[in-house]
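Each of the two complexes below includes subunit A, the first together with subunit B, the second together with subunit C.
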Partner chain A sequence: MGSLKIRNLSLSYNGGAPVIEKFNLDVSDGECMGLLGPSGVGKTTILKALAGLIQPDQGCILIDDVDVTALPPEKRDAVMVFQKPLLFPFMNVAQNIGFGLRMRKINGAHKQSEINNILRLTRLDGFGRHKVHELSGGQQQRVSLARALILRPAILLLDEPLSNLDANLRQEMRELIQEIQTKTNITTIFVTHDQSEALMMSQRVSLILDGRLRQVGRPQDLFYRPVDPDVARFFGGCNFFTGEIKNGQFETPLGLFPVGQDLKKNQPYTATIRPEDIVISPANDKHLRGAILRTNFEGAATRLWVQCNGVQLIVLAAGAQYKAHQNVSLHIPPDKIRLFPKNV
Partner chain B sequence: MKGHQLQTNHNFRTRMAPVMPSLSILLGPALIVVGVLFGGGLILGILQSFGYLHVAAANHLSIQHYLNVLMDPDFLESLWLTLYIATASTLIAAGLSVAVALFLVTLAHKNRLIHFIIQIPLTVPHLVIAVAAVFMLSPTGLLSRFAMALGLINTSSQFPLLINDRWGIGIILTYVWKEIPFITVMILSVLSNTGIELLQVGQTLKANRWQRFRYITLPIIFPSLGAASLIVFAYTFGAFEVPYLLGQTYPMMLSVWAYRNYSDIDLLARPEGITTGILIAVIVSLTVLMAQVITKITRRKGIVL
Partner chain C sequence: MKPWFKPMIVWLIPLAICLPFIPLVLWSLSDRWFYPALGPQTWGLRAWLYVFGSAGAQIIASLLQSILVATITAFTSVIIGTPAGRALGLYDFKGKDFISLLFMLPVIVPPLCVAMGLHLWFIRLSLAETYVGVILVHLTFCLPYSIFVMWGVFSNYNPDYEHQARSLGASSGQIVLKIILPFTMPGLIVAGLFSFLLSWSQYLSTLIIGGGRVTTLPIMLFALMASGDRPVAGAVSIIFVLPALIVLLFSARYLGGRSVVGVR
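After this line comes the complex of A and B, so read on.
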């Protein structure tokens, strides 16, 4: 069991300006919730407050509907895994992992079998007697995870556990954490500043911008249905253009688009379209015409800056056949456009 | 991993190599002076302790002086006193330093003033503190007059003997006051580097206050506490000026006893004074060596001091 409710949480350091204001979030039992936001927005701060390492200025935290706000960390059923492994250098791997059990005075055969189970779960079999400084970064991070898992907490708090690993190892660890989360079904809060990591790891994602929760939802919702341009921008949205609703159509420099949404007439709107949703083809009379300003090869795709009716658009095109100064045709699928009232 | 470490050590050496010769050239003159004064003195002392008084006398070398010293009941009295004072001041200073460091680390970076005040004794010479101790603690000192003014005692003879006393209280107090900042600074550096974070980890892993102290704080500070304490012990063991001023006439601490013997009008006591000095040097060196060994071992275990 482990549901989490955060109500009206405000956090600051030493009575300074609030880092997080009026933060509300519900995480249900067994869920893996991604906590996403740019660096320095206060993700670690929230996690420390959940763990009990920081006292909130306001608001409360409920674990399984019990208010734990006033409880010290050691009395809360939540364990935090930090950004750095922070292993105890004077203990070996098994001793590190068994630390929590030892603090709970669980010893002997039971403790040993628990340690062995966790070693297997985190793919560290045979490393029990190793000294921690003999481990690689990925192994250290797994020990740190194992050390938390062994306590079977109601809530597992993971603070960017993968940010210090190289790309391949990170992918491997993501899969491992997902596997462990599914197996153990521990309610998990997974902090990251990497949007793709949040999307792939979490059942739901909460996006924090400027100290406030901006949007919570399934990964697809945040990606395809951002609530405002900032959210769209955070997920790599880079094409924004304005227009007005006239006669049931959205009138823009890039043409007329039919609108399904119920929108107010004669009011300016900002539209966004994802760079990979714009269809590009070599010059062709039927469509919108544009000229490529510059290109940037990114491997799986090429990023193209296209000037089109006075609007600059960024297009992601498969392959590398387009060159700078080339004339091209664009097609903007109306169903891929998302509209926000302007001056939001 | 092993190979990797070797590699980095190797790199470290090659990087340092071009610096080394110029460094020794720069330090050369100072090293020569130190070498001649200290090394020469030490060699002469060792020779004399083995019975080689001076060239003209041409005595043969023997360990007679060592036997004399070691059999001398006065030497043993002094040795016990010295061990007692060095151990007591080290243990008291170490215990108080741990408390002070734990307190300071909770203040974190907020209170620079307190950090500054704590470090003041580091800069004050032992001699000054010893003189201050005389002014404060002697039967006619400030504390005694203060107690009289308050009506706690009637005459200065009622004031407890705190200097030149049987238990070396004045000496111990002086060393404790002087060495606390040194040990504290050593512990504080490890505690505030990784200590705070590891304690937070321990807290989320459900360790209570006592368990965090016992299983995290102590192991973290143990190497530096051990090394610093041994250094303080060695220093106190060999120190001269404080017991010379604050000690009683009998028994004396070893260094004072050595000096008294050396400057005795009886010329035969002289080699025994020197021999005692050499013994002090040996014990002090062994203690410092032990501090080095602790540091080395813990480094090898991956614990940074």
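After this line comes the complex of A and C, so read on.
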């Protein structure tokens, strides 16, 4: 069991300006919740508060509907795994993993078999007697994860466990964490500043910007239905243009778009479309015309900057057939456009 | 560079350090040694017989007093110096520069002034001529070193290790024993060693505060030297240096920058 409720949480350091204000979040039992936000937004700070390592200025934290706000870290059933592995250098791998059990005065054969189980689960068999400095970065990260998992916490708090790894190891570790999470069904909060990682790893994602929770939802919701331009921008949205609703249509420099949404008339709206949703083709008369300003080859796709009726759009096109200064035609599918009321 | 050059240097340095001890050994083993002879004219064990014989009880008594005073001073110095060094190393607070200057004062001000000034106070507090008084005055000289060593240790220390341990279920007491202690052990040993040796070699402050009641080894040594009996003074000097040397050898592996810096 391990449901988590965060109510009105405000956090600051040494009475300074609040880092996090009035933060609310519900995580249900067994869920893997991604906590996403740019660097320095306060993700680690939230985890530390959940683990009990810093006291909130305001608000409360409930684990399984019990208020744990006043409980010290060692009395909470929430274990945090830090961004750095932080393995204790004066203990070997097995001793590091067994640390939490030792603190709970669990010793002997039971402890040993638990350690062996967890070594197997994290694919570290045979490393028990190794010194921690003999391990690679990825192995250290796994020991650090194993050290928390062995306690079978109600809530596992992972602070960017993949940030110190190279691309290949990242993918491996990602799969391992997902596999362990499904196997053990531990409620997990997974912190990251990498949007694709959050989308991949979590059942739901909560996005924090400027110290506030902006949107919570399934990865698809955040990606395809952002609640405001900032969220869209965080997920790589880069095409923004404005217009007005007139006669049931959205009037913009890029043309008229029929709108299905129930929107107020004669009010300015900001629209966005994802760069991969714009359909590009060699110049023809049917569609919107534009000129390519510059291109950037990215491997699977080419990023194109296209000037079109005074608006600059970024388009992701498969392949590499387009060149700078070329004239092209664009098609903007109306159903892929997302509208936000423009705050005047 | 010739191949024998490096080993020669390596051996020359300890030799140079040992050089001043050679006359001590010679003196202690001499019976008669007058100017301008290069070595003793007659050899003998008179000094050592005296040290272990008729003066034995006296010397052992002051040896014990020295060990007692230096050990308690070293432990107290480390116990007080560690939290102070931790605060200076880990936290920023107002007046930090000023406080660190205050810690330096006993090192800058001549020991005689410190001891004389404290003496007046200690008489009022009836701490003069007591072991507590002597240990306190030794602490004024040892504490700055302990604090500065531990300051260095903690400015290279990552408190997240403690947070991680807490989150894994360690109580405050367990964190001190199982995390802070092993992490800072090299620094603690160096700080303790410095304090022990400083206290061990205190003469003036012991004389002023102890007022002749507390007769540590240096006090004894001075008394014997004043009597002009050089062979005996040589023998006592060796007895004075030996324990310090043993302590130093015992903890030599903890000396050197790497271990003091600690682990990050």
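Rule of thumb we're sticking to: the second predicted complex is superposed on the first by the 343 of 344 C-alpha atoms of A that agree within 3 Å, B and C clash if a C-alpha of one lies under 4 Å from a C-alpha of the other, contacts with A are read in each partner's own complex, and residues count from 1 in each chain.
Please note the rule applied: a contact is a pair of C-beta atoms (placed from the backbone, for glycine too) under 8 Å apart; a residue touches a chain by one contact, two chains touch by 3 or more.
Since this is a predicted model, take the numbers as computed values, not measurements.
Chemist: Following superposition onto subunit A, is the placement of subunit B relative to subunit C best described as a clash or a fit?
Modeler: Here subunit B and subunit C cannot both sit on subunit A without a clash.
Chemist: Looking at A:132, would you say it contacts subunit B, subunit C, both, or neither? Reply first, second, both or neither.
Modeler: first
Chemist: Between subunit B and subunit C, whom does A:104 touch in the aligned arrangement: first, second, both, or neither?
Modeler: both
Chemist: Looking at the overlay, does A:338 come into contact with subunit B only (first), subunit C only (second), both, or neither?
Modeler: In the superposition, A:338 contacts neither subunit B nor subunit C.
Chemist: Using the superposition on chain A described above, determine whether A:214 touches subunit B (first), subunit C (second), both, or neither.
Modeler: neither
Chemist: Common interface residues of subunit A with subunit B and subunit C?
Modeler: On subunit A, the residues that contact subunit B in one structure and subunit C in the other are 51-53, 72-74, 78-80, 82, 84, 86, 88-90, 99-100, 103-104, 147-148, 151.
Chemist: Across the complex, what residues on subunit B touch subunit A?
Modeler: 1, 110, 194, 197-198, 200-208, 211, 215-216, 219-220, 301-304
Chemist: Would you mind writing out the residues of subunit C in touch with subunit A in their complex?
Modeler: 158, 160-161, 163-171, 174, 178-179, 182-183, 263
Chemist: Within the complex, which stretch of subunit A touches subunit C?
Modeler: Residue positions touching the partner: 48, 51-53, 72-74, 78-80, 82, 84, 86, 88-90, 99-100, 103-104, 147-148, 151, 157.
Chemist: Per the contact definition, I'd like the list of subunit A residues that touch subunit B in the complex.
Modeler: Against subunit B, subunit A makes touches at 14, 51-53, 72-74, 78-80, 82, 84, 86, 88-90, 99-100, 102-104, 131-134, 147-148, 151.
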